[in-house]
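Okay, so here's the structure we're looking at.
To keep things simple, chains are lettered A, B, C and D as they appear, and every chain counts its residues starting from 1.
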Amino acid sequence: MIKVGIIGATGYAGQELVRIISQHPEAEIVSLTSQSYAGKDYEDVYSNYSHMNYICEEEDIEKMADLCDVIFLALPHGVASKKINDKILRKVKIIDLGADFRLQNLEVYESWYTTHYSKDILPEAVYGLCEINRDKIRGKRIIANPGCYTTCSILSMYPLVKEGLIDNSSIIIDAKSGATGAGRGLSLPNHYCELNESVKAYKIASHRHTPEIEEQLSYAAGEDIVINFTPHLIPMDRGILATCYANLKEMCTYNDIKAVYEKYYGNEYFIRLTKEGTFPETKWVKGSNFVDIGFTVDRRTKRVIVIGAIDNLFKGAAGQAVQNMNILFGLDEKTGIDYVPIFPA
Amino acid sequence: MIKVGIIGATGYAGQELVRIISQHPEAEIVSLTSQSYAGKDYEDVYSNYSHMNYICEEEDIEKMADLCDVIFLALPHGVASKKINDKILRKVKIIDLGADFRLQNLEVYESWYTTHYSKDILPEAVYGLCEINRDKIRGKRIIANPGCYTTCSILSMYPLVKEGLIDNSSIIIDAKSGATGAGRGLSLPNHYCELNESVKAYKIASHRHTPEIEEQLSYAAGEDIVINFTPHLIPMDRGILATCYANLKEMCTYNDIKAVYEKYYGNEYFIRLTKEGTFPETKWVKGSNFVDIGFTVDRRTKRVIVIGAIDNLFKGAAGQAVQNMNILFGLDEKTGIDYVPIFPA
Amino acid sequence: MIKVGIIGATGYAGQELVRIISQHPEAEIVSLTSQSYAGKDYEDVYSNYSHMNYICEEEDIEKMADLCDVIFLALPHGVASKKINDKILRKVKIIDLGADFRLQNLEVYESWYTTHYSKDILPEAVYGLCEINRDKIRGKRIIANPGCYTTCSILSMYPLVKEGLIDNSSIIIDAKSGATGAGRGLSLPNHYCELNESVKAYKIASHRHTPEIEEQLSYAAGEDIVINFTPHLIPMDRGILATCYANLKEMCTYNDIKAVYEKYYGNEYFIRLTKEGTFPETKWVKGSNFVDIGFTVDRRTKRVIVIGAIDNLFKGAAGQAVQNMNILFGLDEKTGIDYVPIFPA
Amino acid sequence: MIKVGIIGATGYAGQELVRIISQHPEAEIVSLTSQSYAGKDYEDVYSNYSHMNYICEEEDIEKMADLCDVIFLALPHGVASKKINDKILRKVKIIDLGADFRLQNLEVYESWYTTHYSKDILPEAVYGLCEINRDKIRGKRIIANPGCYTTCSILSMYPLVKEGLIDNSSIIIDAKSGATGAGRGLSLPNHYCELNESVKAYKIASHRHTPEIEEQLSYAAGEDIVINFTPHLIPMDRGILATCYANLKEMCTYNDIKAVYEKYYGNEYFIRLTKEGTFPETKWVKGSNFVDIGFTVDRRTKRVIVIGAIDNLFKGAAGQAVQNMNILFGLDEKTGIDYVPIFPA
């Protein structure tokens, strides 16, 4: 059994990790920590665990590194980079669900986020987008688990960018997320009556997942890509839908596009391409690690429109983190995360 | 008192008309009809009216034309164009909430919709987007009340197109609508558990509001415009948010854009421009005739992003229809539709 | 025009008052205050008001009393009783939306709430349940506007208790409320993802509206009544449904019960009795001052079951407060609050 | 591997069965049928299965009985009783999720439902409420899987009734259910905009789960019990909350009550008693087989109030059906249904 530690176990992503690892046949939680709830029974923080006996511990990453084979960090940005160092990495694998190790371009990181405190570690971190970087992940000590919007956006656009079918300067990603993406921290915009029965865009042209998408798509393209990314908040709990637009370099057919997606994703278990004329809906991936992708070609405007859908807490956070763990420890990648989406829910 | 007839009073838009006219100080309903519920008490169809005594009548537009000063039609497309003729129009003003008289380009209408049955009447119909066509509306016999998505989309983009600030071939409108937009007719996608807790795009690159937006923006531009329009269904009752993207011809500032919007909308009571850095949310216009519009310039991509929000049943249907009535009958345009948005609701 | 002051204008009930008074033909807001947002534009707190120019003022009840004809207080319990005194009441009418003046039994108040700071004023306060106490309200200086659950519960049971048809010791009221009832203050239980898609009971056998219902029903019965009252939180914005159970003293028919309800409510505009076999739903009263009441007799258990529905922010708070104002100032009771319920919303 | 057939696989309960069995380590689906969708790919009915290859077959129960070890029926009442006979039962175990074999009292069944077509089979059917009837289930050929409301209601009240602590004539159960309880069939009340943002009671004093609760509680009491049962529809997908009231024969303490619940449920894995002062919420059991139960004693009214919560599709339907299968086939009762509740979802 893989011994697992979870730091930041009482946020929504952390809790989803606890849930998935609790049911994972090859892993077990040996320690979970919470800054806000240290000392409390986990069931008092999340009553869905009232039949279990987890306790929120004080964080002591050194001690946890001695006890565990892998540590997941689910922390606000800027916090993980202070905790991780070579000494820790010699003892334990790190899978960081935060943003600190996602951007290899330090300057970009510091301009969008804050000072980075593990500059020496950063270069060895691998961006854990499993379907793209699987081979780079194996054997590494530290994995930067991708963001939720980014997972959905990059996977939706990757084949088109990689194959050079589109004008890379024309990419616009209009994304919609459920409220779990905003976390469990209290704020007026996430108060029930404020969020319910309304839709809004937020952090327009300024959301931090923008450079993350850009960096990864730039790798795929072999050139710098700048995009528009606009997140929206939807009155629902889970799910991300990314509606992506790009100008085709040359007009092509649905089947041309399909061939490209099948080239990259045809053998990917967790990526499901929808049938022609049908498109992803977040409900069909809820509670699962699946990424559903569909597309159409608009002959009138010579644009391709790609729709991607994921569960933001699962494939967009905890599920993909476990997928990374499975890769790191040589397990079948599906182990413990192969759920049929739950519906209606 | 203006004598009002409503044909198709038991759909959601029809019911919203009934509600607004019931409370209008200068108008009264003298007849309302419903194909599905003819003969029933209106309160048995909509129990919010249990203190009133409306009855659903069989439709007889000739008779209604004799009794009324204005008739509102809230019918599926293709139905109104069969009912309206010169004889009717000599007796009564017509405000059609359907699509039949919105497109002046007959060929476009017939390619996106169906055969048109009032080709002779079509040329005199005015597109009732009040803030743009106010002067054309006055004195007319038949008004084509704009669609919900189109009202929001056109008003969001109009100043930019009119002033020639953007590359008209780059317009992408990603719109989100609450479920009332889909009407009261039963269908699996609108079954509660299917629509709840999920988001999807639909009619991608094929929604019928596309040519309507294009025709109006083309008039403003003085050239043919083709756009991408992608509607999404949001798990909420009311509201449309349009997120609009366009490439700026030349880089400009927020204040440059603001000046253009103030030029066209500075004196429009029902159009509210949000402060810099804040953006429309559908909750702030619910139950009202307001259109909230905000925008930002993305210097990185040289694009302008405009967000518009309306209540799809109010400004996007019944409210604007009454605004048209007010114009036709020489009333203050705000009469009976000047509601503070209801919140939380 | 009646000059209105509103203290506590930025809570949900306060905002609903602002909305209603803004549209009231015989009243105008001359001052509104907010402890949390003093000095801010009201539109920055509630953007539905971005076309208006209200400003949140510092509270100065003395000054407000000089300027206004009536002051509404929408404050946490225990606060209003410190502000109101004879000097204020000599200058201005007070309508208190809080709990401080609702219970005439001081001992009961202090055991369920806190110390009372206006014991001298309490006896002259009238419980502003308009349909029951209309005659007592006229001419008074201070009105205790009823609670939301209590308005719905008392009106649902009043005729049965007044006429002595039921065993008063058998009354059980199982109530369901939308989330606006919990106010705008941040708390984990009211965080979107915590409240959404779930239902719970809370303050079981301990909710403070219990003694308020008991006191009023006891007056009606002429004897002390003790009840069970269980509130539940429903994932929706507005609305209260009260499901009330009581044992019939003697078996009777639906029509017997109906006769009693018509005796008391037959002429009440804002109380709508549903037809036999149909029952209230909160959606049919939303955004209105209506109370819908329906009932059935269960011959198997010899119980009567009464269902009542209101909009908790309207008839359950701000709407009834304005109804009280209308009575105090000799206006038609419906003035400014006669809205058709808004649906769907 | 247990070979499983599912008849009626395209309703919500049927689909939940497909999901659970798909992930069950000791069972596999060999055939699933649907009257409405025969011949279609299952993924075209439920796109959450687009990575799987189920096909909706025409129903042929004889053939299915030859192929399978157990058949689950998820059909409207009155249908199963026509299909089941001794010949079928000699070949295969039957677990019926419908109502036809739940009531042993034939007269009661026929007065609340319809003619019964398997009167000869009825006596051997066991009411599959696992925690109560575990020993009776083993070895049987046909199990009547309990209804959703009934599972929650009976388990909530059973210890009190069994131990004779309450006045059995005083039981009132006020239940709240999410919309999946109403199934996937289209109807206006379940249309999104009609159900959303509202709450209502329905089938007041006439819901068919009433006699089912009564029959089982009567067995426990050793005397006939008549109750009030009032279901309510809540704007959410999953979950049932039952708020149960009863008069205590003699006043007793929380701990007295607790002792009784622990006597019956202390060793039941799937029944979780909440801590004193906390109460069940449906979100804490979602996607799981757990039944959460909490209670309080109201000294003022001498009543006990018990709150129970389940996931209506899981413990209230498919999960309990699989629990019954596990018992019938000698598996650990938790096999394949031991999920941590999913949250937020």
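FYI, a residue touches a chain if its C-beta (ideal position, glycine included) is under 8 Å from a C-beta of that chain, and two chains touch if they have at least 3 such contacts.
All values reported here derive from a predicted model rather than from experimental measurement.
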| item | value |
| --- | --- |
| Identity of the chain that, by mean CA position, is farthest from subunit A | C |
| Chain pair showing more contacts of the two, A-B and A-D | A-B |
| Distance between the centres, which are taken as Cα means, of subunit D and subunit A, whole angstrom | 36 |
| Computed distance of Cα centres, subunit B from subunit A, in Å | 38 |
| Residues within subunit B bordering two or more other chains | 12, 179-180, 193-194, 196-197, 235-238, 281, 283, 286, 344-345 |
| Touching residues on subunit C, where the partner in the complex is subunit D | 169, 172, 174, 176, 178, 193-194, 196-202, 204-205, 226-228, 230, 232, 234-239, 241, 243, 245, 279-283, 286, 296, 298, 300-301, 303, 305, 307, 344-345 |
| Subunit A - residues contacting subunit D, complex | 12, 15, 19, 22-23, 46-52, 179-180, 197, 237-238, 269, 272, 274, 278, 281, 283-288, 290, 292, 339-345 |
| Residue numbers on subunit C that touch subunit A, as the complex places them | 12, 179-180, 184, 186-188, 190-197, 235-237, 345 |
